[in-house]
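Each of the next two complexes has subunit A plus one other chain: subunit B in the first, subunit C in the second.
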Partner chain A sequence: MEGWDAGTKSALTQIPLLSSRAGPRDGEAWKQRLKEEYKAMIAYTTINKTNDNDWFRISPTNPEGTRWEGSCWYVHNLRRYDFPLQFDIPVTYPATAPEIELPTLDGKTHKMYRGGKICLTVHFKPLWAKNCPRFGIAHALCLGLAPWLAAEVPILVDSGMVKHKDDEVTPSQSSS
Partner chain B sequence: MAALTDFGLIWGKIQELVSRIMSSSKTSIPRRSKVKDMSAEVVDSNPYSRLMALQRMGIVENYERIRDYSVAIVGIGGVGSVAAEMLTRCGIGRLLLYDYDTVELANMNRLFFRPDQVGMTKTDAAVQTLSEINPDVVLESYSMNITTVKGFDVFINSLKSGVDLVLSCVDNYEARMVINQACNELRQTWMESGVSEDAVSGHIQLLIPGETACFACAPPLVVASGVDERTLKREGVCAASLPTTMGVVAGLLVQNCLKYLLKFGQVSPYLGYNSLKDYFPTMEMKPNPQCSNAACVDRQKEYMESKPARDAAAKAKIEAEVSSVIEEPLHLDNEWNISIVDDSDAGSSTAANTSSILPEGLVHELPTADKYSEQVGPTVTDGIDDDLEELQRQLDALNSS
Partner chain C sequence: MDAELLELMRQLEEAQQAKPSMRLSERNVVELVHKLQEHQFFDFDLLHTVTGKEYITPDQLKLEMEKEINRSGRVSLIDLADIIGVDLYHIERQAERIIAKDAGLMMVHGEIISQSYWDSVAEEINEKLQECSQMSLAEIAAQLHIGSELVVSFLEPRLGTMVKGRLEGGQIYTPAYVQRITAMVLGATRGVTVPTNLPIVWNSLQQLLQDIDGASGVSVEGTFFQSIFNGLLKAGAVLGSLRAGMQWTPAVFAHAQKECVDSFFSQNSYVSYDVLHKLSIPQPKQYLQTRYPDGIPLEAVFVHPSMVDMLDAAVSDAVDHGNWIDCLSVLPSYIVDADASKILSLCPSLQKATKSSSAVILGDSCVFSNAFIKGIFDQLEKELDSFIFATNQTKNFKTAPISQQQAESKDVDDDEVSNASVPEKGKKRRGKTAKGGNHDKDEDAHEIVPAKGKKNQRKSKDVGSTGGKKGSDKVKEENPNVPVEWVAEKITSLTPELEEMGDSEELIRQLAMHLRPMLLDYYKRRKNTLLSENAEKRRRLLDSLQKHLDEAVLDLQMYEKTLDLFEDDPSTSAILHKHLLKTMAAPVADKLLHTLDMDNKLKNGVEVDDGPNKTLQLSTADRTSLAKTLAGLLSAKVQILVEALEGKRVDAFMDALRAVAEESGLLVKKLDKRVERSMLHSYRKDLTTQVSSETDSIALLPKVVALLFFQVHNKAIQAPGRAISALISHLKEKLPDTTCKLLIDYHNATVALLSLQAAATGAEGEDCLDDRILSKKELLEEKMPELKSLILGLTNSEN
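Coming up: the complex of A and B.
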């Protein structure tokens, strides 16, 4: 667990681990895995709420549970910034982690791959590989998205790339 | 003074010429018509004369067979687009191109795509350029993400149309694992390529399901650039790229592909490229019997079962060689022996435990999954609320509060 801050570490250790090695093409085994995903997500969301650190909403948008959509937010200088959040469960899951996308930030930062996929730290993939199949979506959000938001949102806001929704000029007022 | 005036005149003429070229290229582009048979005739109207010369020189036995082959290229970025152009110029029969991205100005430090193609899907832009270069090639454009369940179905079905080789030119581990999955299921030979995120090293790898290590048999092997990961300044960027490194890797990949398809030279199982030291490590990897990919384990079993048939074929080949070997030089005979003895352990290693005997300059990119690693958290418990709909309701309730 080298390279992770204390907050991330303590959150991670509280998320229940999963046990089924199954991806979306594995039929019944995937259903079992999906149940485990739900349980881990329920536990993680509950922990966040209890610790007054609620920071995302996400749930599957299809019955197969392979497409997840929702939102996440980050508070910077006492203002809350919201971002749509989405990802697909890849066919090779859980050997490979879901690629988390923040589509509204696409093109606004170099810390992103094409399509708004967040750029993970050098520590993420090794830890994910080491813990396959015990890490799930909740772990990916905790280890991937939370540190990314903490590092990038302040930069995006301070540089003016991201504006608070109250400061945004509505299209009718805009002249450009 | 006179010299300066001359220079001014020449400069003016050059400018005039450049603008004429630029305006003419925008109007009617003369397209060459399709060629029915590849001719070896050396005339300036024959696009294949220099390639057919390979046959005359005895490098390739039958160059024209290239027209019978189909190659799928996954990832039409800095490596894939150049590989596609090379194969197109070589006169490959059919190319299947896969990518979900569009051309951006940020791609212009790489080869192939032009600024006027910004906004087009990479596959469509590639088809546009490639069909102008060589109308003989059958081109198929698949603009989609192969890692999603839907994209994967389209991908695997398109490969079933009969593809001789898949070239992986993607830039991430996730997509490589998906190609690995498809190829293991389809018994499809493929070649992997990669350029490091610091843009100074790369590699190519041949993967034959069941026979060589698959991409999941061991953590991916990459060339160590010699730059310490911890000192690498990543702040503000995900990845760097250089057209040179990508061009070199594309060249190595397509060279290996041509050798494989047209059966000349030695096909490299793994070839690394460290551009900082101009060092090219090679190695061979056997499959891991404990591979986590079930399709890989099935292919390994099939390969073992086909051993008697392979041995018999090899023996027949040796006997045929021996009967005609008398006037042949001795080293040729030795070469045959090396290529036949494919089950010996010499010179190769099982993917499971290569770390101790990796050639200098090669490292594993990721660790293997821990079997008994320290418990980092509680485990999800089986039990009362094991109903999917009930779990959905619980998460929805949490999400709406």
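Coming up: the complex of A and C.
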């Protein structure tokens, strides 16, 4: 579990683990899996809120729950920077982790694949593989996106690639 | 669509919409509040808690404090500070404000106490009080941890309303209890019939209470009893008198005392202080004096005047009949000596008697009429002479040690003589010797009247004896020893009835002391007359001695001078010295000794029969003993003189003689030329007439030789028979041969005659011897005119 900061680790351990090994094409089993995903995400959200560490909004865009969209934000120098968020559940899920995309940042940093897919650390994949099928979307967000934002946003802001714009969305309102 | 899934979706949505709890760091908050204060959003002082984690507004603080006070009614500021967690300073400030606003609160030693609290405490106390009838304030104060004054201050307004009881000396009692104690006090004090210290009563009451109440131990203070008692006394519930607030004398006791004293005194006409002490009257004298003003207070008893009358009658009777009386025999048995003398001093007849010196008080209580004493004195006088003479004899040889008693009495005597005007002193001393000085002070204070009497009496005595006193100073140092014992002994033998008395010895002693000065006076007077006679005698004696001494000494000196001629002839010289000492010096010494002895006797006032001045021959032993009787230095010198008399040298004797003479105030004349010549002349004349008239053939020779010697040397000589031949041989050179021859023949014949006579006395009745003596005598008688003519012729031729 090396490679992550203490806050991330403690949050990760608090997220309930999943048990069903099922992908989007597995019918009823996928439903069961989806329920578990929801429960884990609810728990993660609650943990974040109680720790005053709320940093994303997310919701499924189709009833099957294979595509998810939402937003995430990061506070740097007393300013909140909001970014749209989207990803699909791969068919090999849960063996394969979902690829989280931040489309507004596409091309602004090289820690990103084409199409705005974020580059994860070398430690992510083995950990995910080891914990299949116990890790779900909530774990992916916690282990993948949160550290990425913490590492990349300050650099992006300082380099001027990302600008806080008053005429953009107000920090208090979430773009649901 | 699965309902559960939908539900979960909704839940996720809900969870995401939920407001996140905002987290502010303490620093941020502090800064925020600071900012608010800076911008004066508050119109009050925002307070911190002691932990520094909380802010509190003054209103909130006040609210909390009030809540706390209302809850317990009594709370300490420190506790408030702890409970609310705000600094004590703010609590105090707030407390002041709260108390100022609310009249029902008070601040006591850092505690806020409400009236409701007092009420509840008072209720509690009341409950407890009703349970155990009494409580001490100190106990309550200790329980509540407040000062007892405070207890009193809050209890007093509630007494009788909330607390049913009575506050008394630091204790609260229920009325029932007070009533009970009052009853006890009343019972106890009414029961007391003798004077009692009230605290003792209270103690026993306390004991009683404790016994009744058992170990629960309701202790009642003595002061509570006292206050109840004072109330009762004021109300007249108990009768009696209280002294010093403590000593309680019940009325019944005082009454009994009075009755007892009254009855005793009226029956016996005296009452002893001891009796009063037994009745526990503390100051009997004052008590009696105030009750019976006409009574007489004495040392140990209080007597009615009738007793004095009785004694007075007895005394006057005794005085009138020339007798004596011991007033103790008349008075009740336990009137002591001191008191007796005091009563005596009050007797009018005795005062009169002492004033007129017809009676004397001795030994405190005995009255002697002067007639009685005079009788004894006369008898004593007769015996005194013989006694003193007897003692004087012994005294001459050893200076009799004077006993302490005698010395003292002598002192007293002197005092009386020298300060008759201040008799107090002498009297005091005598009082001391008589009684060990027990009551001196009182005596002095009360005996002024008799002292006056005594003084008068003494004065008269002094006047009577002044005649003899003039000389007494001179002879004071040799005052005759008349021991008091002797006088006492004589008195006992004279008046045997005195001895029947209880304390006869002391009394007789007193009488003896009284008589002794008179006797001494008498004796002194006698002695003085004797001495003045003796002085005359002494003078005569010394005169005659001086005269005699002059002659004798001159003679002696004259002869002594002649002895110088024989210095070169030791044997003759020795003989001559001895002869001279024996013939001439011995009488001189004897006379001297004898006269000195006489003088000594006369000086001591001894009567000496002034017989003819016989020149008695004394032996050596007599001389020595006489010499020893003489006083001091004189005695030593006289002894030397006596020794010199036994020696061989005349000049030694002369030296001793001079020393003695000097010591005894006599004169030894020196021989001077003129006197010598006249003496020698008379000596020669004398000798010549003797020779011419001499008939005895043997006695003639020494005289002739002496005359011849005188003619040759112009010096007188005194020689024994043995020295004649030596003298003749000495003269041989100076005289013509015929004369010499005649002398030698005569001498030889004389010697022969003497030896014959000596032989004749040895062998009696031998005719031939007688014949030879006769023939020799005749021969000598023949030669006598020749010898006489030798001298006379010579003198004639000289003349």
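What we mean here is this: the second predicted complex is superposed on the first by the 166 of 176 C-alpha atoms of A that agree within 3 Å, B and C clash if a C-alpha of one lies under 4 Å from a C-alpha of the other, contacts with A are read in each partner's own complex, and residues count from 1 in each chain.
By definition in this document, a contact is a pair of C-beta atoms (placed from the backbone, for glycine too) under 8 Å apart; a residue touches a chain by one contact, two chains touch by 3 or more.
Nothing here was measured: the structure is a model prediction, and the numbers come from that model.
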Putting subunit B and subunit C onto subunit A via the overlay, clash or fit?
-> clash
Check whether A:88 is in contact with subunit B, with subunit C, with both or with neither, and answer first, second, both or neither.
-> first
Of the partners subunit B and subunit C, which touch A:45 in the superposed model: first, second, both, neither?
-> both
Would you sort A:156 into first (subunit B), second (subunit C), both or neither based on which partner it touches?
-> neither
Does the superposition put A:59 against subunit B (first), subunit C (second), both, or neither?
-> both
Which partner does A:34 reach: the first (subunit B), the second (subunit C), both, or neither?
-> both
So, does A:72 touch the first partner subunit B, the second partner subunit C, both, or neither?
-> neither
Going by the touch definition up top, name the partner, subunit B or subunit C, that contacts more of subunit A.
-> B
Give the one stretch of subunit C, out of 8-16, 386-394, 638-646 or 728-736, that collides with subunit B after superposing.
-> 8-16
Could you tell me which stretches of subunit A are touched by subunit B in one complex and by subunit C in the other?
-> 31, 34-35, 38-39, 41-42, 45-46, 49, 57-60
Okay, in this complex, where on subunit A does subunit B touch?
-> 1, 12-19, 21, 24-25, 31, 34-36, 38-43, 45-46, 49, 57-60, 64, 66, 70, 88-92, 95-97, 99, 110-115, 119, 122, 125-126, 129-134
Residues of subunit A that touch subunit C when the two form their complex | 31, 34-35, 38-39, 41-42, 45-46, 48-54, 57-60, 63, 65
Along subunit B, where are the residues that touch subunit A in the complex?
-> 100-101, 104, 145, 147-149, 152, 172-174, 177-178, 180-181, 216, 219, 229, 234, 236-238, 292-293, 366-370, 373, 375-381, 385-386, 388, 391-392, 394-396, 398-399, 401
Mind pulling up the subunit C residues that touch subunit A in the complex?
-> 1-2, 4-5, 8-9, 11-13, 15-16, 18-23
